[in-house]
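Below are two complexes that have chain A in common, paired first with chain B and then with chain C.
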Partner chain A sequence: MTIQKTLQGSALTVAPEGRLDTITSPQLESELRADMNSVTDLVFDLANLTYISSAGLRVLLSAQKAMNKKGTMVLRNVKPEIMEIFEITGFSSILTIE
Partner chain B sequence: MQTKKTISGTFLKWLLLIVGVAFAVSMVFSWTLQTRLSEKSAHNLLRLNIADVRQDVIDASDANLLALTRDIAAEIDLGAPTDESGLLTLMAHHDIAEINIIDANGIITSTTHPDFLNYDMRSGKQSSEFLGLLAGTEREHVQSYQPTSYDPTLLRKYAGVCLAGGGFVEVAYDAERFQRDIDHQIVGVTRNRHVGENGCIIIADENWRIVSDRRENEGANLVATGIWIDRDTMPEGDVFTATVYGEDSSCMYVFSEGYYIIAVLPENEILLQRDTSVGLTAVLEVLVFLTLFGVIFLLVRKLVVNNLNRVNTSLSKITDGDLEEKVDVRSNTEFASLSDDINATVGTLKQYISAAEARIDRELALAKSIQQSALPSVFPPYPDRTDLSLYATMDAAKEVGGDFYDFYLLDENRLAFLVADVSGKGIPAAMFMMTGKTVLRDYAERGDSPAEIAENANEKLCEGNDAEMFVTAWMGFLETDTGLVRFVNAGHNPPVLIRDGEATFIRQKANLTLAAMEGVPYREQTLQLRPGDLLFLYTDGVTEAANENEELFGNDRLQKALSKRFGSGEAAVRAVCGTVKEAIDAFTGDAPQFDDITMLCLYYAGNAPAANAPQETTGASVIGDALTVTAKADELPAVTGFVNRSLESFGCPEKTTAQIDVAVEEIFTNIASYAYEGEPGEVTIRVREEDSAAVIEFRDRGAAFDPLAKPDPDVTLSADEREIGGLGIFMVKKSMDDVSYKRENDENVLTIRKNFTK
Partner chain C sequence: MISIRNLTKRFDGNTVWENVNLEIQKGETVVIIGGSGGGKSTLLRCINRLVEPDSGEVVIDGVNILSPGTDINAVRRKMGMVYQHFNLFSHLSVLENIILAPMKVAGRSREDAVAEAKQLLARVGMAGRENTNPADLSGGQKQRVASARTLAMHPEIILFDEPTSALDPTMVDEVESVIRSLSEDGITGVIVTHDLQFARRIATRVVFLADKGICEEGTPEQLFDHPTKLQTQRFLYRSRMFEQDLSPETLDLYALASELRAFLRRYEHERKQEKLLPVLCDELLYPVLKHPEAPAAGASLRLLCSETSSRHTMMIGFRGIDSDPLEEPYLDELNLALLNNYAEFVLSRKKDDGWEVCIQM
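Here is the complex of A and B:
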């Protein structure tokens, strides 16, 4: 799993590639925590994310909670199989998916 | 088939023929010569004997007549009347044929034969011989029996003796008279005379009455002996043949003093002489020819046949491949020259062969080095990478072979590695190997999956594979971040996985070898590597290395050699290859290496450096359809990999596999987090297919806990209201068709079921 991050002022775009599972989720979490303080616009580009488990959902939920307090969070290019998991878990209603 | 004659046999035959002809010619010559010599000597013998006897006869008659004449001369000198009647009285007294008185002038003055009165002794040749008595040159004279000068039809023998009163008296008698006087002497002449060994002299008078004969046939007619003499056709002194006393004989006669003197020599005796000579010559010749024959035959044997045999013996050795053999027959110039020529020819041949060998060796060496240089040979190949180490060797046999290995990074996270073996050896195998290696790499770099690569490469290699070669190959793609190896096995030896010091063969059903048949599908399989794992690939040169007793190294020895801990990283991969090589060398001893020995070893360290440390506490083992791993989140890739491999083999669609993956992760993470409450423990996962459904069972020996009993989270709550966690099991329940929990034998057993359509 690789994570590409693009920070422009207070706007941060994060693009994780591959699998977001129990093992890799901590990696994404630590990456986000590093920049979260200054960010107001958080964008997740999930074009290359092929797999997500509850561990990944947890990271997304934490991020959403954090951003609810100080800005916006958007998910883009979500693949159908990821979308299906968002639907099952009700995350589709709490996340902003474009 | 015609049988070939030996030289000595042919020589023997011709020598015999020549000797035989020479013998016959010399015999004929000798026979002719000896016949002539014998005849000549026989004739000489006859002639000599006749001459002897004739002289004896003449001597006897001469002496007889002279004695009579002397008596008469003495009587006249004493005064006996010399008129006709006085002479007739003397003639009658002495029983002789004639008495003449010749005066000093050579005229017959008184005679018993009236016709001779006044006959001049000078008027005839026969009578004039007596004139020496008148000249005083001799006192008495005697003549042989011959015709008289006065009347040639009258044959007489005369003797003359000088008278005291001058002139001389001449006395004559005829043959009958003197033969009567001397016959008794003549008889003795032949008695002890031999002609040769058994020959004889026969004397007969004018009337063929035998006078003297060794067989005492005196008085018989000559015809009784078998001799017939015709004086008109048979000259005196010539040899004639007659059967004398029953024996074929050579004969000769003379007529002298009224006698036939006949010498007889039996033919047998003449021929005996000749036959003895010829026989002796024959014996001598046979001896000489035998000696000559023997000497020549031995010489031929010694000089030709024996030498030829020696040359042949050497040539046989040379023909059998011993080019070091030298022909060394130096007993004569010809064979010395032949030996030198053969040695020179073999020498030249050797040069050509060694030149050709050198050229082939060079070309093979060149081919070998081209082949070697086609294989990646820089180790470590990726010194900057900490997640993997790799080492490979190809130990070629004497010939160029068809083994190869290869590896390359397809991208940052994918390493392709393979080991392959082309059937056969030599240049064809090497060329096919180069093609195979290139084709596999081309398709790999194009982005094909291992199965696609195998299928495409198979099609490509089948094209124009007239030599009917084939390739076994094991090719894997390692995903360096997860440790998952997607591989395809085309009829190759199963690789060995070394995990925690235990070596196990990765035995899965293999596909057909490459280049064997067109249109064959190749199935991809997966293998989950855990950090610390070593994967060892090899060719059959390893397991089929033979020792001097022709025993094979075999799988068991390989497994034993690899069942130990090799450490990690670069050192480990080198140690694995080195260990196997040492084990093979120790096993084979001095037996030559027949096949290439090719090995490739991969060490997987994984992404997280920390994962290397607790190697020994982790452990996953696949037994049948079950995977047992340590209950730690780190083992997730192994579990996912194991489950996915099974699902793939069931033909489970990707989408369903993705859903099951999430469920498996959730359940495994749950067990890892709670089951053993921080203590080490194990989880066993089983996957099976059941009525178009995948059934996965998780067993752990942790504290009894039913995750399903927990209430579901409220998914309608807003983000801020939602709890972090508790979602996992809910997701499992939602995505799976059935989820059940039971406690069995002190184990928690959680089973999930997901239907799918292929």
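Here is the complex of A and C:
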């Protein structure tokens, strides 16, 4: 998977493309870890995310927990098939989806 | 006991089968198999004239039931029929379902009918469920009540139309043991099924219907292990099963998911079933085979596709694990929520060398 990152000051936009699954989630996790210290506004642009597994959900959850302490996190452009998974797992009520 | 002679059936000018000849002796359990649309159920229904054949004879105990003068109701009283979807009366209790025909048709007293119904329920393992509503029973239980209802009329012959196809695979056993006990009591059974494993276990004789007639017949061993006709061989060996052995070292989830998808697409299926495949890889196979402390030594995966419906079954045998793979430390709530959403149901059971997970798609 490719992950586009745009860092402007303390605002980070992350746009993973393709599948966020067991294999690719560690990649997102390490990309986030690299920048998290300085970030206060975290945006996930999921326009090109086609699939998410529990491993991907766990990465989003731990990012959410980290941001709860020091800023905000929002998800944008969530496709219906990803939204379906957020709803099945109850993540739609934990995450801020715009 | 049942003699089918030169029987022919056409629908709208199309021949379903023609010149079918079949002799069934008392106490036999004859299973009719064949591809969908081959007229298995039609043939079964000619035996009690629910379907009228175009020509030929069906002789039961010396009586040609197709003759104009035949009292078909008298003939049908000797025969019971058990259906795929059980056809229990949903507004009646289990007991009332069973005593209805003995009282209304056979004219027996309520007391007598109830006493026998209780015995029959005990026989099919449903004692004490007299007042239950059919809606509260599992598929296997409904099918056993349906069998008890049929037995209440003391049939000499029972016709079973796909008795296991609406059942979860785990419930086939219980229905099978009921059918087996009937044949031990000398009741003649004729069964239509697409479940070849079930056919093999239950039949005294198997009849393979293809090419507008009986293509081949024999004992289960003869027909399944040594089929002589090319048609039979094609039918039996046409691959309905996807099989792969998985090991933690070489696990390639993307390749597996795409192979499974390609296989599934050859059969009737639903969008949700395709979605299950990556979920299965991410939420079950990976957590168990790649568990950091106690990974399974390996797994055998089998996807068995149905020829006749979009109900497909996957069995995954995990080797070398001591605890239930559907529980911690392998799977947590999140894994299960996703699996359960895309599967009809997911079950696990202990086996000699590990655990088996059965997924109904």
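The definition used in the following text is that the second predicted complex is superposed on the first by the 98 of 98 C-alpha atoms of A that agree within 3 Å, B and C clash if a C-alpha of one lies under 4 Å from a C-alpha of the other, contacts with A are read in each partner's own complex, and residues count from 1 in each chain.
Criterion: a contact is a pair of C-beta atoms (placed from the backbone, for glycine too) under 8 Å apart; a residue touches a chain by one contact, two chains touch by 3 or more.
Here the structure is a predicted model, which is why all the values come from computation and not from measurement.
J.: When the two structures are laid over each other on chain A, do chain B and chain C clash or fit?
T.: clash
J.: A:23 in the overlay: touching chain B, chain C, both, or neither? Say first, second, both or neither.
T.: both
J.: Is A:55 touching the first partner chain B, the second partner chain C, both, or neither of them?
T.: both
J.: Specify the partner with more touching residues on chain A, choosing between chain B and chain C.
T.: Larger number of chain A residues touched: B.
J.: Answer with first, second, both or neither: which of chain B and chain C does A:11 touch in the superposed model?
T.: A:11: touches no partner chain.
J.: Should A:64 be classified as contacting the first partner (chain B), the second (chain C), both, or neither?
T.: The answer is first: A:64 touches chain B but not chain C.
J.: Touching A:88 in the superposition: chain B (first), chain C (second), both, neither?
T.: Both partners.
J.: Indicate the residue numbers of chain A shared between its chain B interface and its chain C interface, in ascending order.
T.: 19, 21-23, 51, 53-55, 57-58, 85, 88-90
J.: Okay, in this complex, where on chain B does chain A touch?
T.: 481-482, 633-634, 636-637, 655, 658-659, 661-662, 665-666, 669, 715-716, 718-720, 722, 724-725, 727-728, 730-731, 734-735
J.: Which bits of chain A are touching chain C when the two form their complex?
T.: Of all residues in chain A, those touching chain C are 19, 21-23, 51, 53-55, 57-58, 85, 88-90.
J.: Show me the residue ranges of chain C that touch chain A in the complex, using the header's touch definition.
T.: 253-254, 278-279, 281-283, 286, 290, 332, 334-335, 337-338, 341
J.: Quick check on the complex: what are the chain A residues that touch chain B?
T.: 1, 18-19, 21-23, 50-55, 57-58, 61-62, 64-65, 68, 81, 84-85, 88-90, 93-95
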